[in-house]
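In the two complexes that follow, chain A is the common piece, with chain B as its partner first and chain C second.
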Partner chain A sequence: QNAASPIMEELIAFHDHALMIIFLISSLVLYIISLMLTTKLTHTSTMNAQEIEMIWTILPAMILIMIALPSLRILYMTDEFNKPYLTLKAIGHQWYWSYEYSDYEDLAFDSYIMPTYFLEPGEFRLLEVDNRTTLPMEADIRVLISSQDVLHSWAVPSLGVKTDAIPGRLNQAMVASMRPGLY
Partner chain B sequence: MASEVLAKPQMRGLLARRLRIHMVGAFLVSLGVAALYKFAVAEPRKRAYADFYKNYSPEKDFEEMKKAGIFRSIK
Partner chain C sequence: MAAVPEPDEPAKRKGSCTSLRSYWKPFKLLGILDVENIPCARDSILYGSLGSVVAGFGHFLLTSRIRRSCDVGVGGFILVTLGCWFHCRYNYAKQKIQQRITRQGMKNKLLYEGTHLDPERKQNNGNSSN
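Showing the complex of A and B:
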């Protein structure tokens, strides 16, 4: 899905970066394998392999650093604290979510999945709910996620949010959408 | 039969030469693959996002969505 929040954009760019490195390494390995399989020449004298061992230790270490640095940058970006405009509490039950907005006036409702036989044409199967959660766009929103019974997980793919709902624990996720829409 | 002396064929260092050529080739090929991916996929994607947001108005988008009727809380 296309990104709708700045963090998701960063995640997509990081995925492109990591995939590029994966293609680099895989193509190198494939080439070398085909090289090994298509020769009758062999090396029969004893080898003092210091130089090549040095190369194939240092080179992967550099590649790993190249992957780790952007990854850590994004990790700390997700935990950045921006003053949230709104707090939403998402509590998982079997098998629905209940949402509470308690900042100004208390508002709480349950959100059940829409059974397939109730869907109108144009609606998404297994994704529609009876009461939708409405949030302001272009605003930092703090989502507090917990669970009443078993482990759940609250995720919005295009906003780059996936946080586990653990009974007895309160997890915090920051959500900031850049465009209006249905997520 | 006139006997011509052929040049002595290369007998030593064959594997080393093959390895040398192909190792360089392998690194060039893999770097090429990475560069191809970066400039054919990653950069256009970043540019597409930048272009989308350059003249983007969330309010206008919101009005269009509201007119299309996808929101349930506001008509």
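Showing the complex of A and C:
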């Protein structure tokens, strides 16, 4: 899906970056395998190989640093908690979510998945719900996620958020969508 | 819109979205790199291939060593691809930031035109006071 939040944009960019590195390493490994299969060279008196050992120590270290630095940057970015505009509580149950908006007025409702036989043409199977959660766009929203019974997970792929709902624990996630839409 | 196929209906298309592009599976190099949809991927791979051919062939012309020229070609491919990739992604990121600033400026202009928060009025007041 396309990114609808700045965090997801960063995650997609990081994914592209890591994928290009993986592709190049895979190409190199494939080439080396083909070399090993086609060589007639044998060397039975190798005593030391300082240069190649230096290369295959330093090069992977550099590659790992190239991957780790953007990854850590995004990790700390996802943990930033700016002053939220709104707080939403999402409680997981078997098998529905209940949402509470308790900032301004007490508003709470349950959100069940729409069974397939109730779907209208054009609606998405296994994704539609009876009561949607409506949130303002371009606003930092704090989502407090917990569970009533077993472990659940609250995720919105296009906003780049996925947090476990653990009974007895309150997890916090920040959500900020850049444009209106159905996520 | 997405429609659930009937049980006896053959699968007509692989994609489930309405976009025409997603009717066919995207082409992925080595099965992982989606060169069609990742920005800068196609250009980097193409320039890398060109660099690989130039470096490998050039080395062969100079030394007439086939194996070493192949090694140089592969090394050239990796280096040129990486270099083009970082250069293109850097420019792409700058372009995205510019687009975001422009979009925000357009929205502010529409929203605040004629009010005391109009950015152009603030700019003109700043120029006239100077």
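One rule holds for everything that comes next: the second predicted complex is superposed on the first by the 182 of 183 C-alpha atoms of A that agree within 3 Å, B and C clash if a C-alpha of one lies under 4 Å from a C-alpha of the other, contacts with A are read in each partner's own complex, and residues count from 1 in each chain.
The criterion applied here is as follows: a residue touches a chain if its C-beta (ideal position, glycine included) is under 8 Å from a C-beta of that chain, and two chains touch if they have at least 3 such contacts.
Source: prediction; values computed, not measured.
After superposition onto chain A, the partners chain B and chain C occupy overlapping space and clash. In the superposition on chain A, A:3 contacts chain B only, with no contact to chain C. When the two complexes are overlaid on their common chain A, residue A:121 makes contact with chain C while staying clear of chain B. Residue contacts after overlaying the shared chain place A:27 against chain B and chain C alike. When the two structures are aligned on the shared chain, A:65 is found in touch with neither chain B nor chain C.
Using the contact criterion defined above for the overlaid structures, shared-chain residue A:181 touches chain B, although it does not reach chain C. In the superposition on chain A, A:16 makes contact with both chain B and chain C. Among 3-11, 75-83 or 111-119, the region of chain C with C-alpha atoms clashing against chain B is 75-83. Overlap of the chain B and chain C interfaces on chain A comprises residues 9, 13, 16-17, 19-20, 23-24, 27-28, 31, 35.
Taken in their complex, chain A has these residues touching chain B: 3, 9, 12-13, 16-17, 19-21, 23-25, 27-28, 31-32, 35, 39, 41-43, 132, 134, 137-138, 178-182.
Only residues 14-15, 18, 22, 25-27, 29-31, 33-34, 37-38, 41-42, 45-46, 49, 53, 56, 58, 61-62, 65, 70-73 of chain B touch chain A when the two sit together in their complex. For chain C in complex with chain A, the residues that touch the partner chain are 1-4, 29-30, 32-33, 38-39, 41, 44, 67, 74, 77-78, 81-82, 85, 89, 93, 96. On the chain A side of its complex with chain C, the touching residues are 9, 13, 16-17, 19-20, 22-24, 26-28, 30-31, 35, 116, 121-122, 124-125.
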